[in-house]
Structures are given as C-alpha cells and as structure tokens.
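Okay, so chain A shows up in both of these, paired with chain B first and chain C after.
Up next is the complex of A and B:
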C-alpha cells in the first residue's frame, strides 16, 4: 500500500500529462473542426518535424541562443543582485531603473533591437538576456538582503576580506533564493526565445510554430506546441533535480516555479 | 527610515535613469546613431505627450487595459479559489498539484496559436492568454500563503464558536492575504507583458499593435511611444496595487 502510494506520487506529473492529452483528444473529437486536430494526430506529426534536418537545426539553434542568453544573464545578475542586497546605496541606485524596466515586455524590444543589430543571433540572445536578468536580480537581491548579519560579523572577525565574505558567506546563504530566481528565469528564457523568434520570423522553433499557423498546417502547429511544452517541462524538471543536489541543506521554499513571461 | 534618507535614496535612484537618458541624447547629439534609428529622447517624449491627448491613442490604451483587467481578474478569481481549495482539501490538492507542476513551467505563449484557432482572433484569445499566464503565480502564492496559516489561529476561531464554513473566509483568507497580494503583484506585471505580446502577434488594436504598425513602416519614434506607455501603465497599476495592499493590510504587522 505504501509502495503503491509512493509510485502514484512519483508518477503524478506523468499522469497529469496523460490526463491533459486525454482531455484534448476527447475535446477534439467532440468539436471535430479542421483547425483543432486530435492529440494523437499532433503526436504523430512530431517525428516528421524532429526527423527533418532543417527544423532540427532550427530548434537546436534556438536552444543554443537560449543557453547563451541564460548563462550570460545569470553571470551578470547574481553579483549585481547580491551587491544590491548587501548595500543600501547600490539598491537605491538600481531599484527605480529596474522598476521602470520590469513591466516592459522584453520581446517587444525585438523590433527596435532588430533595427540596430539586425535579425541575427545577437539581437535574439540580447532579448533573452534582458528577459532572464530581472527575476534573477530580484531574487538574488532578496536573498542577499536576508543573510544574517552575525555570520558576516563572524567572518569579518576571522579576517575575511569583503570580497571573500561575499563569495564564502553571502553567496551560499543566498543560494536557495538565487536558484528560485534562476528557475523562473529558465522558464522565461524559453518564453522569450519563442516570442522573439516569432517576431523576427527568421529561424528557430518559434518561427516553425507561427509559420505553420500562417500556412494552416494545424498538425505541425500542435506538434510544435507539444515539443516546446515538453522542453519547458523537461528543463524545469532537470533544473529542479540539480537544485535539489546543490541546496540539499535547505528545505525548498517553493517546489513549484513561479512562471513569468 | 527617516524622511531625509528616503529623499536621498530617491535622488540616488534618479541618477541611472538620468544617465541613461543623457547617454541616449549624447548618442544622437554626437551623431553615433542616425536619428531615424534612434530618435532623440525629447522627440519621443513630446510625441508621447501629444499621442496621449489624441482620442485614437486613448482608444488603443483602452483596448489594452480592457484585456489586461479582464484577464487579470479571471486569474485572481481562479487563482485564489483553486489555491485556497488546494490548501484546505487533500482531495483537490492531489489533483491540482501534479497539474500545476506540469502546466506552470509550460511556456504559455506557445499555446497562443491553439487559443487563436479555438477562440478566434478577437478579445477572447488574448484574455485567455493573459489569464493563463497570470494564474500560476497567484495560485501558488495563495496556496503557500494558505498552507502556512497557523493551526492555532484556526483552533482559536473554532473554540470561539466560528461556524465551520466561515473559518475559510474569516481566518484562512485574511491570514493568507499578504502572500496573495504578493502573488497578485507578480501576476499584474506578467499581465502587462503578456497583453502587449499578444497584441503584437495578432491584433487590430491595442498598444502592441501600435508598435507593430510603427515597426512595419520604420517609424522609430512611434515604436518607442507604446513601450514607454506600457512601462508607465505598469508603474501606475503597481502603485494602485500597493495602495490597495496597504489599505487591506492596515492591521498587519510590517513584514
């Protein structure tokens, strides 16, 4: 009985996926319109996309841009956020600027950035970078702010320099919060990736999706939705696993991501 | 915090914004970028002020706001409702948890084509997208807020004779309010972003459409105007929510 329960908990997300696909299948059979293929039809269209060399290169190029944008954003945002968390001056300096940028859709900057940098990889990676930065900065800021003063005093008393205190005390103490931010950032990177490609319409997964929509290839549209959705769920699950390893000592505060766009 | 410290903080915060606008102006003045690609800030703000007083632009803003509020309202109602139910009832929890686990990291924008095909190109598909994106932060914040409510509070209320059915509204909901409002704040920012994107993809009106039209005709000035407008809208809405928060939480200890 215990074992069965454990297995069910383990498989619950999988069951949820199957349930959703099932609902889709039934809804499509009931509605029965050309523009809404059944789940099975959409799944059947997936191998054709992944088997096609050009679309596969497109999707991999998307993923590469996403990885570069995400990596750069994390490298810049974590130090900035931590410094904002530790120094009131730095926080007061950057906070209003960040507040102004926050509600601006980063992918909407795409048309302007395209004017300056062209439609190539640079503009798309830059947009992903901008999209990922804000939540990571915000969470690093919150994490850095919450570090216990006493630990820092002890560190200083033991002769650690300011930079050493930052790396050896503040960074690990804020790590759980930082990783929460990175998880949000990861979902966001994927969303920004799709949107930017959809606006630039030159290459990538978003381009395949919206071109198929324009040409009325509905099976491809829904197959791409499944592929992109699976990327999101897969990346999130992988990140969660890594996070669990890194911050085993701290109980995860949120075991579900807060998704942004 | 002393009032003087607040003023100096605000002044300090103005510095990077002023620097950014200064840099922007300098790039134009020294001719590093052609004005057709990067219009000077003065021209952009002048255009913004002018546009704000034309009825056409006001209608675009109204269309965007209508979608934003409707989607956000649906997300708040569903998010708070489902979040509370999942926190109180184990049966609901067992169903909702795995579903949320799968649906929350799903990029909702990728679902937009499906919504277009099913709901058409009008308001409905955009409102659904806004609601779907804003729902999860609110739902999760409600769920965590409600499941963190101290059991003692509930026992005290029961001991004081509160009927069983009212405990949810008289104890759990107010106790979870700070967390719920934080979730709503995130949801609001997301709504601003998503409604704009949806209008950029397919629309005949709204701020996103203004940007796309300007981009197609290479009117750089008109591309900046809707972006600044949505940023200002976000700031204003955030301020309103902040006001609502301090009103609703007036009896709560400072967090």
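Up next is the complex of A and C:
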C-alpha cells in the first residue's frame, strides 16, 4: 500500500503530462482544424526539428544568449540587491528606479533597444538581462535585509571586516532567498528569450516558431512549443537540484528538532 | 584538565606587574541617547560608570528597557555611546574585536555551517591551521555536552543546544571577556537551569571575565561575583551588590543557603523600589 502510494507520487508529474497530451489529442480530433494539430502530429514533428542542423544552431544560439543574459544579470543583481538590503542609502537611491522599470514588460523595450543596438545578439541578450535582473535584485534585497544583525555582530567580534561580512555572512545567509529569485529569473529568461526573438526575427528558437506560424506549418509550431516547454522544465529541474544541494542546511534533516537541552 | 588553551598574552596581562587595578573593563560616564520616530530623543543610559575586574563574573540586572543590553553592546563595540567612554585594558573601545566575545539570546549561529563549522569559524578567521582549529573545536563541543552533534546544522538543534554551540563558538577564539546578553532568556526553565550549571562549571575552570545581562534575580545571584542593579528610563546604576557566596557553587546547596535567599530577597526589594520610584514620578 505504502509502496503503491510512493510509486503514484513518483509518477504523478508524468501522469499529468500524459493526461494533458490526451486531452489535447481528443480536443484536436474533435475540432479537426488545420491550425490545431493533434498531439501525436506535433510530437512526430519534433525529430525533424531536432535533426535539422539549421534548427539546432538556432536553438543553441538562443540558449547561449539566454545563458549570457542570465549569467550577467545574476552577477550584477545579487551584489546590487544585497547592498540595497544592507544599506538604506543604496536602497533609497535604487528603489525608485526599479519601481519604474518593474511594471514595464521588458519585451516592450525591444523596439527601442533594437533601434539603438540593432537586431543582433546584443539587443536580445540585453532584454533577457533586464527580464532576469528585477526578480533577482528583489529577492537578494529581501534576503540581505533579513540577515540578523546579531549574526553580523558575531562575525565582527571574530574579526571579519565589513567586506568580509558581506561576502561570508550576508551572502550565504541570504542564499536561499537569492536562489528563489534566480529560479524565477531563469523562467523569465526563457520567456524574454522567446519574445525577443519574436520581435527581432533573425535567429533562435522563437524565430523557428514564428516562421512556421507564418508559413502555416502548425505541427512545427506546436512541436516548438513542446521543445521550449521541455527546455523550461529541464532547466528548472536542474536548477532545483543545484539549489537543493546549496541550501540543504536550511531544510531540517528531521521533521522535529531533537529534544535535548 | 585545562580544556581551553591559555593565550600567552592573556596570561601576561593577568600578572600583577601590569598595574594595581587589574581592571579589565572600565565604563566611564557613558550615556546613550536614541532618536525615536518623530524626532524625540530617548535617554537609554545616563552617566554609567562601572569597573569590571579581570576574572570577575559581573551581572547587570534590571527590568526590560533599562538599557542593560545597550551597555553590553557598548562594551562589545557594536554600539557607540553618545557620551562617555568604555575602555578595555585601558584602551578606548572603538569597535568589535576578538578580545570580547558575545553570546546573544538569539544565538545568532551561522545556519549554513554545521556545529563544527560554527565553532571553527573564529579560530580559522584568526589564522589557526585547519587541523588544529578542528581538534580544538571538537574538544570544546565535547565540553559543552554536544559530542556526536558535530555535523548537525543549527536548524536541527533545540534552543538549548543552539546556545551551547554559540557558547562554544565564542570560547573557541579565546576572548578575554565574555559578553552574555540574556543568553538563557529564550529557554525553558529546565534547560535554563542546566545551562546555568554548565556555564558555572566551565567558568569556574578558567575564570574568564564575564559580563552577563539578565532580568532574573536568581540567575544573577547564582552565577555572579557582583550584581549591578539598574533602574529604568533613564538607565542608571542603582546599586552594586557583592555576592560573597563561596565557590564552587552547587545549586542544590545554594537554594538552601540563607545567605543566598537573603541576597535574592534584598535585590528583589531594590527592583521593587525602582518600579515604585517610577510610579511616583
């Protein structure tokens, strides 16, 4: 019984995916229109895309931009967010700026950025950078702000300088919160990646998708959606695995603390 | 057995040759004003002067809000006094340093480090070699009664265990003075008693200077050589009571000792008077 329950829990995500594909298949068969291919047709189109050298180069170019945009955003946003969290002056300076940028859809900036920087890699990477930055800054800020003063005092008493306290106390103490921001940032990187390629058509996974749409190759469109979705799931799962390893100290090993004075 | 290795500089300082007073900490007319919201200023400490001798266990006792913790933070160098000066071995205190080791009510352990990692942190920061720091830290962890828990993370420990780790972590870098800020305040009565006993045992072994903030009269009398009774807003020293009970002290004997009982009652009266003074003004 226990084993069965464990097996069901394990398989639940897989069952959910199969269920979704099943509903899709049935719905497409009932509707029977060109613009809504069946799940099987879409899946059948995947090997053709992944087997095509041109498509693969496009997808890899997308991933490269995403990695660079995400990496740069994280490298800038974590220190900025933590400094905002620890210094009222820094927070007072940057908060209004970020409040203005926050509600603006980053893809809406794309036309302006393209005007300045062209339709190439730089523009697209910059949009990804902007999309990732805000959640990472926000969570780093919250994480940095929440670091216990007494923990920093303990470090100061051991002889840690202000800079050492920032790197060796604030950073690890805020890490669970920072990584939560990075996880959101990773998904946003994928979204901004696709939207940037939708606006600046030149190369990339989004480009394949929208070209296919223009040409009425709907099974390719849906196949690309599945591929992008799978990339999202894969990246998120890999990130979660890394996150779990980095902050295992913040999860209890036992359900209850041991009772022992 | 001397578990704590002696620091040569501490040993040298404690010889009588250094000077007559052998004062470890001198607090000279220290006042602290806090700015509250609405531009009001609140006088937390008023003209406090106090000398703490080398090797003395001194408690600061007072109602909450009397500024007793602030006084400890000033000695720790975490807070700058508005007026007056605090000195450590004759030198004005300008900031925190490893000669003064704090133990906080909130434990303030590093949650990403194991018990061993927490205790080793100070020695490693001081440049002690890894193997040596580890061996020392393991001994300290054993001394505070946590053998077998070296690889646990703070989150997996109870409050009493966390405070034991915090004490070991501070002892590990050999501060000349221990600054204990209501260290057992967050613990239940039973755990509190056990930690008091253990602290006393550890202290009676190496007689570090201790500044101990508490609002428990029994705790102050049980542990201290001297109890500094404070009044509330503004925090002033009302009286300094010498606790001349013999050491080593054993709790069970002490509770039955009439001198202990009298001290507790006397000090409780002083605090009651303080509250009445407040009511009158």
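Quick note on the criterion: the second predicted complex is superposed on the first by the 250 of 261 C-alpha atoms of A that agree within 3 Å, B and C clash if a C-alpha of one lies under 4 Å from a C-alpha of the other, contacts with A are read in each partner's own complex, and residues count from 1 in each chain.
As a convention for this text, contacts are C-beta pairs under 8 Å (C-beta built on N, C-alpha and C of every residue); 3 or more make two chains touch, one makes a residue touch a chain.
As the structure is a prediction and not an experimental result, all values here were calculated from the model.
In the superposed model, A:222 lies in contact with chain B only, and not with chain C. With both structures placed on the common chain, the touch criterion links A:147 to neither chain B nor chain C. Using the contact criterion defined above for the overlaid structures, shared-chain residue A:249 touches chain C, although it does not reach chain B. Of the two partner chains placed by superposition, only chain C is touched by A:169; chain B is not. When the two structures are aligned on the shared chain, A:157 is found in touch with chain C, with no touch to chain B. In the superposition on chain A, contact is made by A:94 with chain B only, not with chain C.
When the two structures are aligned on the shared chain, A:12 is found in touch with chain B, with no touch to chain C. Of the residues of chain A, those at positions 254, 257-261 touch chain B in one of the two structures and chain C in the other.
Listing the residues of chain B that touch chain A in their complex gives 8-10, 12-17, 20, 33, 37-38, 94, 97-111, 113-114, 116-118, 133, 136-137, 140-141, 144, 186, 189-190, 192-194, 196-197, 200-201, 208, 211-212, 214-215, 218, 220, 223-224, 227, 230-231, 233-235, 237-238. The touching residues of chain A, counted against chain C in their complex, run 148, 150-151, 153-154, 156-160, 169, 172-173, 175, 247, 249-254, 257-261.
Looking at the complex, you find that chain C touches chain A at residues 76-78, 95-98, 100-102, 104, 106, 108-114, 121-122, 125-126, 152-153, 155-158, 160-161, 169-170, 173, 175, 187, 190-191, 194-195.
Residue ranges on chain A touching chain B, taken from their complex, read 12-13, 15-17, 19-20, 35-36, 88-89, 92-97, 99-109, 111-112, 115-116, 187, 190-191, 194-195, 198-199, 209-210, 213, 218, 221-222, 224-225, 228-229, 232-233, 235-236, 254, 256-261.
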